[in-house]
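Each of the two complexes below includes chain A, the first together with chain B, the second together with chain C.
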Partner chain A sequence: MTPLQLLFLGVFGLAAVWFGWRVFRTKSMVRSALSLLAAMVALGGMFLALDAEFLGVLQIMMMAGEMSIMAFFMMMYMMDPGGMSSMNMTHQQRPAAAVGIGAGVLVLALALLTPWPPAQALAPSATQQNHDLGIELMTRSMMIFETAGTSILVAMIAAVATALAYPQQPD
Partner chain B sequence: MALTICLSIAAVLFGIGLYGVISQTNLVMIMMGVELMLAAAMLNLVAFWRLLHPHTYALQLFVLVVMTVMALEAAVGFALATQRFRSRGSVEVEEAADLKENA
Partner chain C sequence: MENPLTLLVVLLLFGGGVYALAVLEYWSVAGQLAWGRPARLVLHLLLQEEIRPRQSDTVLYETAPVLFLAAAALAAAVLPWSADAPLLGLATGALFVNAAFAYVMVAMLMGGWAVNGVYAMLGGWRFLGQLIAYSMPLVMALTATVMRAESMLPARIVTSQLALWNIVYQPIGFGLFYLAALALAFLPPFDFPVAAGELAGGVWAEFTGTRLLLFRLGRLLLIMTLALAVTVFFLGGWQGPWLPGFAWTFLKTLLVAASFFGVGRYLPRLRYDQLLEWSWKYATPAALVNILWVGILLLL
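Let's turn to the complex of A and B:
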């Protein structure tokens, strides 16, 4: 890793944490959807700094689509999507903060105290990565890849079946 | 160094996501917390791939699977929100006590 890569890793990481925090700290729901998008794009930037070009670009493209859809759904289903009235959108603040901080500190301690093996200096080039990932997808991990595709199909059918309107039963 | 940076940021993101899942009252906001937690898992996987096993592509495949899970979670979650909004007119979890037994 070059010092420049480390610098970008840190900057994008801090941006991801900041925007991730903003998601739950704003009254406007559209703003929190856009904050989540910014956090995901910062993560994509971290992937790029980690030499994972394909995954980084894929992350940015997928999250751009997903978060804009999320913003639309928020406007449809929220009573107050713009946060114009000061409605309280949270509950059980104190236990939530305790659990969040507790879990974060636990994971952080695990990450810092584990004796990791020394980091590898060089990664394969982007071309080599794409080639090898394709070979991996079509040989050893083919069943996993196919299973992911099938679960997308199942989720699409399940989502449509769940969201369909059905006639109200007279009771 | 780089591994420490990545894992620490992922831990903080995971904590923020967990806080959001527990503290928010709106279904869509809860889903955002779940997305943040999955994103933290993805960051860990990419860091492990790059810094520990750069020639093991099963790790990159694992990242693709987590990305799929994020999309599926959003799709099924929005379907549930749509059905809930149709039948009850709101996706607030505070108003979902009728899902509890004997409520």
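Let's turn to the complex of A and C:
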């Protein structure tokens, strides 16, 4: 990894942390969702800094739609979407803090204690990465992705079905 | 880009094309070709008083116009004008174009929310529904061109059309991409987010001066980029006899963009719910059929 790559990795990483923090510092649902979008884009930037072109571009593309839809749903369901009155977004603060710290320690331990394979000196070319990802998706990871995709589809259909208003049935 | 002179010519042609589109935009509304009008409009907007709506969201308000323009410009950068002239050759070019277009929607949503106005907010949320509905056929039509080229490099997609342009090879995909491009640039049959006469300007209603100028310039750039994308993915890109490659790209792009405005001049604005219904019920399945069609042709 060149020093320039390391610099960009650091800058995007700090940006991701900063925007992730901003998500919880606002009472407006849209500001919160767009802060999360910015954090996700910064993660995409980290992928790009690590020469993972496809993953970076995919992350940046998918998050635009997903976070916008999330903003819309939060608008629909929150009683104070604009954050105009003094709605409190946090609750059960002590248990939440405990769970957060516990999860953080766990993730850190996993990252430090896992015997990672040695880092590759040079990333494969972007075209090769596209090819390899395609092969991976169509062989070893196929079942995982197909299962996840089908589950999401079923959940979407179920969500739409429960939202439909059925006409009153005659007795 | 190998030759700096070609780069200069391409940039000049792109700028000239955007100016011509500004003229055509007025033609599609008023039916007159006023060649000096865009220049006067730029001066007018630069000198106009900046009016800030009360209680607007400063960060989003300032970000939206810039993000809009940047998204359109970034998409243009990966589309090649001739065999040796993509500004930025990306191995994931076709995907990158989509990523950039998605941020057009984010910018509109930001703009609609930031100004603290009902019409603007309605326009922003409308565009969210519209773009998500029409980005499905757009992405899937693009996927079919990528399947034929076996590469996401836009230049490779052009060379895959040497024998037969994609407009003939996959006409359903072309039709879907063309319509989705109109929806993405919110051109007249699909102009819901800004809907003149209904939402009083929608998302752009509260923007004045240079910010409005950025939005309007960004939209023209977006239309030019989408026309360029139609050219590259379906009309054989730079291929053509006698003239140099970039000249063919320019001519085809301008023709496609002019046809966008032509469609807008002669078609009425449709109903929003019908528009979404048609996309999900008909355009998305048709895009799947198109992928199947291309798959069968490739296997034959």
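Just so it is clear, the second predicted complex is superposed on the first by the 140 of 171 C-alpha atoms of A that agree within 3 Å, B and C clash if a C-alpha of one lies under 4 Å from a C-alpha of the other, contacts with A are read in each partner's own complex, and residues count from 1 in each chain.
We adopt the following convention: a residue touches a chain if its C-beta (ideal position, glycine included) is under 8 Å from a C-beta of that chain, and two chains touch if they have at least 3 such contacts.
From a predicted model like this one, the values you see are computed outputs, not experimental measurements.
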item: Room on chain A for both chain B and chain C (clash or fit); value: fit
item: Touching partner for A:Val30 - first (chain B), second (chain C), both, neither; value: second
item: Partner chain(s) touched by A:Thr127 [first = chain B, second = chain C, both, neither]; value: second
item: Which of chain B and chain C A:Met143 touches, first, second, both or neither; value: neither
item: Which superposed partner A:Leu108 touches (first chain B, second chain C, both, neither); value: first
item: Of chain C and chain B, partner touching more chain A residues; value: B
item: Partner chain(s) touched by A:Leu4 [first = chain B, second = chain C, both, neither]; value: neither
item: Touched partner set for A:Leu58, first chain B, second chain C, both or neither; value: both
item: Which of chain B and chain C A:Ile69 touches, first, second, both or neither; value: both
item: First (chain B), second (chain C), both or neither touched by A:Leu153; value: neither
item: Overlay on chain A, chain C to chain B nearest C-alpha distance, Å; value: 13
item: Intersection of the chain A residues that touch chain B with those that touch chain C; value: 54, 58, 69, 129
item: Chain A contact footprint on chain B (complex, rising order); value: 1-20, 22-29, 31-33, 35-36, 39, 42-43, 46-47, 49-55, 57-58, 60-61, 63-65, 67-68, 70-72, 74-76, 78-83, 85-86, 90-91, 94
item: Contact set on chain A toward chain C in their complex; value: 28, 30-31, 34, 37, 53-54, 57-58, 60-61, 64-65, 68-69, 71-72, 75, 125-127, 129-130
item: Parts of chain C lying in touch with chain A, wherever the complex brings them together; value: 57, 59-60, 90-92, 95-96, 98-99, 102-103, 105-106, 109-110, 113, 125, 128, 132, 135, 151-153
item: Of all residues in chain A, those that touch chain B in their complex; value: 1, 5-6, 9-10, 13-14, 16-17, 20-21, 23-24, 29, 32-33, 36, 39-40, 43, 46-47, 50-52, 54-55, 58-59, 62, 66, 69-70, 73-74, 76-79, 89-93, 95-97, 99-101, 103-105, 107-108, 110-112, 116-117, 119-120, 122-124, 129, 132-133, 135-137, 140-141, 144-145, 148, 151-152, 155-156, 158-160, 162-163, 165
